[in-house]
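Listed next: structures, encoded as structure tokens.
Paired with chain B in one complex and with chain C in the other, chain A is shared by the two complexes that follow.
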Partner chain A sequence: MTTSTKKKGNVRVLTRISSIALFFILFAFIFAKFVSPYDPTELAVAPPFSSPSWAHFFGTDELGRDSFSRSLYGGRITVLISILAATVALFLGTIWGFAAGIFKGWLDEVLMRTADAMMAIPALLFALVCISGLGASFVSLTLVAGILLSPSTARMARSALLVEISTDYFTAGIASGLSRWKLIWNEVMPNVASQLLVQFSINAASAVMLEAALSFIGLGVQPPSASLGTLILQGYAKIYNSYWYVLFPSLLVVLIILLFNAIAENMRISMESDKSSS
Partner chain B sequence: MNTGLQVRNLSVSVPTTSGQRLAVDNISFDLPKGKSIALVGESGSGKSLTAYALMRLLRAPVQIEGGEVVLNGELISNLTPQEFRKIRGGKIGMVYQDPMSALNPLMKIGKQIVESILAHSDIEKNAAKKRAIQLLQEVGIPAAEDSFNAYPFEFSGGMLQRVVIAMALSGNPEILIADEATTALDVTTQSRVLNLISQLAYDRGLSVLLITHDLGVAAQFADELVVMYAGKIVEYGEIRGIFSKPLHPYTQALLESRCDYTIDFTKPINTILGQPPKPENRTSGCAFAPRCKFKEDICESNDPRLESVLHRSVACLRVNEINALSGRE
Partner chain C sequence: MILVFLALRVLPGDPVLAKYGASAGATPENLDALREEAGLNRPLIVQLFSWLGGIAVGNFGNSYFSQLPVSQLIWERLPVTIELTFLIVLLSCFIALFSTFLSVRKPGKKIDRFLENLTSLGLAIPNFIVGIILVITFSLIWGILPSRGYVPISENLFENLKLMILPTFTGAIVATPYLNKYLRTSMLELQAAPFVRTAEGKGLSHSNILYRHIFPNALVPTLTMLGLIVGYTLGGVLVIEYMFGLPGIGSLAIESAATRDYAILQGVSILIMTLFLLTTLLFDLACGLVDPRIKSNK
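Let's look at the complex of A and B:
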């Protein structure tokens, strides 16, 4: 009892710290215009490849632009894409999984085997093929990442739905004359929302990684706008003479992924201990 | 027309290791308006399946194999799913064994009742709320207005069962099916809930189908008794008649195994040896034969049919001999 409450307490603290950290980072990204000390496109604010200093936290790039400002603007695009992609995945995956779980039968088979097939293809390869077909842009990146993340979301949504449908209160709802659709909307949805939220957070983390990876190989956000992945790509070429150029954007990517995952993990644990304690 | 509920030749099959087998085998009974009948039997005798089949709540692979259900002269067993939704809750309400799991744990009690009220009438939300509070008062929930905003975990099992009853009554049904409704409750709560159900049945002129394995509960409550064994009705008739003179060996054995404060505690309590056969193990002949003390060869080869004996129906090949026999002793 005491250990589980303690564990839950730790979880709460961790969730809070991760959320606050993520909030700060997102805040800095969203208000990059006010937070960043320089215009990200302004040339030669300092000599090219300056090392990190109090004036330029992340140093400068090959054109003398402030890397810190560029990272904030880049992070904004990265996070925006990942959150939009996670939203796409949430909608698509929930509809996909719910359709499979509600209609059962052959539709269930078709939908879930499609999901299996999609998950069997390496994500990056799949994204590469799609992006080269659609052309690299903000919208195509968001859509492809969202579609890529929806099969796993669909699986989760389906299993959560099946658990809810098999409960006695669902049957009791049917027996009191409510329609299935109404029950699914009014009762099942709120009860699976927390699980979907966890999946959303995991998806956002995966989308950050996917975006960074695609931009790194040049299929992501196109210049003049730059995401964190683009910055890593540009910095990678100069890794021997100025390691900080690639280091800081990479650290940001790692940090964002870590925070999204930490929040998801902590939400999951606190949900589980809620269930086991009742 | 208010002729109550008639069930004719209802069969339900369940999946077993050897394919679909009947777990409810061709049963028929009547539930006249304002009367109550009790369906009793051991676990696995098909009582609950019967109730779920009436409400069409069975899920594949468990399925209804045939039979007709007539409500007030109207055949309801061939209605489309959309049409049948009006029957569920609107004509037949249902109360479950475990009130804890029959309510959504994340939803306020009041809202759950309002939801089922709105499913059956076109009234406004506020009116539905008033109606829900009325219902909660009717089933004896104290401080109904406060309870409206309570979550299920805040209530005890007995209280929750009252809430479930309120929900079952929200569509003003004519028939109430109570599926082991008092099994999960302790004995004092059990009798209070039973009293509540009989009071409500009297006030509202409800017909009640009580499903139980507790003969005491059945005796306290019902007008007629249906004894089921291995998916079939073995004895069916007026309850006092059956209690005073059970005709089927199974009913006799059940009544002999009853425990109450009048039994002789120096003697071991009577039991029925063995277990009822599972659907896949049923052979031809009387399903009760392996456990029956009156068994003869004929019982293992011929299927007994329900025959009318002394104003009731009994499915036993040797019913006349046995009861002549017990009369002589």
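Let's look at the complex of A and C:
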């Protein structure tokens, strides 16, 4: 008993720390205008390819722009794309999974086999094909990442729904004459919301990864705006001039992914311990 | 397959325009003539069937740009991808086996916890960032390994392998955590199985039980996982080939995506998906060989 409460306490602390860290980073991104010490487009604030210093935390790039300021603005685009993509995935995936779970029968078969087929294709290849067709832009990146992440969300939503439908309260609700739709909206939704939130966080992490990878192969947001992935691409091309240039945006990407993952993992653990203790 | 084709055609974006749109003297009439030549103005359904018919006899069509047959372009570059994938899978199996045995010997102890944390870190890092960190450490700071280029095996085996070291490690570092996590979980689960207790009761040593009784049983689910890993590696080599300048089908796909050369992109997509399905099938069959119980169930 005591060990489980202790573990739960640890999880709570971890969740809190990672959420605070993430919010801190997000805050810096959102208010990049006030936080960043330089204008990200201002040329030659220092000699090109300067190493990190107190004046320029991340050093400077090939045109003498401040890498720290550029990373903040880039992070803003990256995180915005990933959160929007995760929202698209949540929306599509929930409808997809719920439709399969509610109607069952052949529609369930068709929907879930489609999800399996989509998940079998390597994500990056799928994205490559879609983006090269749509053209690389903010909107197409968001949509493609969102669509790519929706099948796994659909599977999760479907299995969560099936668990809820098999419970006694649902049967009792149906027996007392409530409509299925009302039950699902009013009773099932709040119950699966926390699981969907975990999936949202996982999706956001995957979307950051996908955005960075697509930008890295040159299919991301187009210049002059630059996401973290674009910065990594540009920095990698100049890696022999200064490796600080590529290193910091890369570490920032890893940090954001880790934090999203940590929040998801900790939410999941605390959810499970809530369930087992009640 | 049809999905790939439609995705590329229905979505806006014109390869002819991408090729000549910016050059001087491109009149609408010229562009139309080029579309005619490439068969791009025929009805979609006609295009689809002529393409599918082509694939059936191994003809992927011609590149819109170089006019070379797509199958030739792919054949030239396929060996690089296969070599890289093979090396990555081999190395990640090796690391995964080694580290799993290290952690399963004493579950919950320091080494195990350390490896577990390393695994979750590995799951969070995109492959090209692993590559960047490796390039910075080994090529720039220590200067012991080359970061770009390719020499065919037939020319110089040693040089070839030297150039493959960084790409292989990049891929393996990303693929290993998945294998590791899976193998560790299934081995720990099996430690509670009744047959392990029987073996302990017989007085067998701990390591004997681990290697001869638990490991073969954990192998079956891991083999299925390995099939998936091969598939994901096939997807992952796309970026790895591109960043290390290896002329494989992955970098071919990325180049053709940039120039909207759909003929190549379609061909490569189909090929990668086919390879993926084939490996999954192959590993499923291998499971039957390793574990006769699966066969007898049918």
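Observations, loosely collected:
Note that in this section the second predicted complex is superposed on the first by the 278 of 278 C-alpha atoms of A that agree within 3 Å, B and C clash if a C-alpha of one lies under 4 Å from a C-alpha of the other, contacts with A are read in each partner's own complex, and residues count from 1 in each chain.
Note that a residue touches a chain if its C-beta (ideal position, glycine included) is under 8 Å from a C-beta of that chain, and two chains touch if they have at least 3 such contacts.
Predicted, not measured: the structure shown is a model, and the values here were computed from it.
Bringing the complexes onto one copy of chain A puts chain B beside chain C with no clash.
Contact with neither chain B nor chain C is seen for A:Ile20 once the two complexes are overlaid on the shared chain. Legend: residue contacts after superposition of the two complexes on their common chain; A:Ile174 is shown touching chain B, with no touch to chain C. Of the two partner chains placed around the shared chain by superposition, neither chain B nor chain C is touched by A:Val139.
Of the two partner chains, neither chain B nor chain C is touched by A:Ala237. In the overlay built on the shared chain, the residue A:Ile121 is in contact with chain C alone; chain B does not reach it.
When the shared chain is aligned, chain B comes close enough to touch A:Asn191, but chain C does not. If you count the residues of chain A touched by chain B and by chain C, you find the higher number for C. On the chain A superposition, the C-alpha centres give an angle at chain A of 100° between chain B and chain C, rounded to a multiple of 10.
Between chain B and chain C in the chain A overlay, the least Cα distance found is 18 Å. Across the two superposed structures, the residue set of chain A contacted by chain B and also by chain C is empty. Touching chain A in their complex are the following residues of chain B: 55, 57, 85-90, 93-94, 96, 98, 101-107, 115-116, 119-120, 153, 164, 167-168, 170-171. Interface residues of chain A facing chain C in the complex, by the touch rule stated above, are 120-125, 128-135, 205, 209, 212-213, 216-219, 232, 236, 239-240, 243, 246-247, 250, 253-254, 257-258, 261. Across the interface of their complex, chain A is touched by residues 4, 7-13, 120-121, 123-129, 132-133, 135-136, 140, 147, 231-232, 234-236, 238-239, 242-243, 253-254, 256-258, 260, 262, 265, 269, 272-273, 276-277 of chain C. Residue ranges of chain A in contact with chain B, taken from their complex: 167-169, 171-179, 182, 186-187, 190-191, 278.
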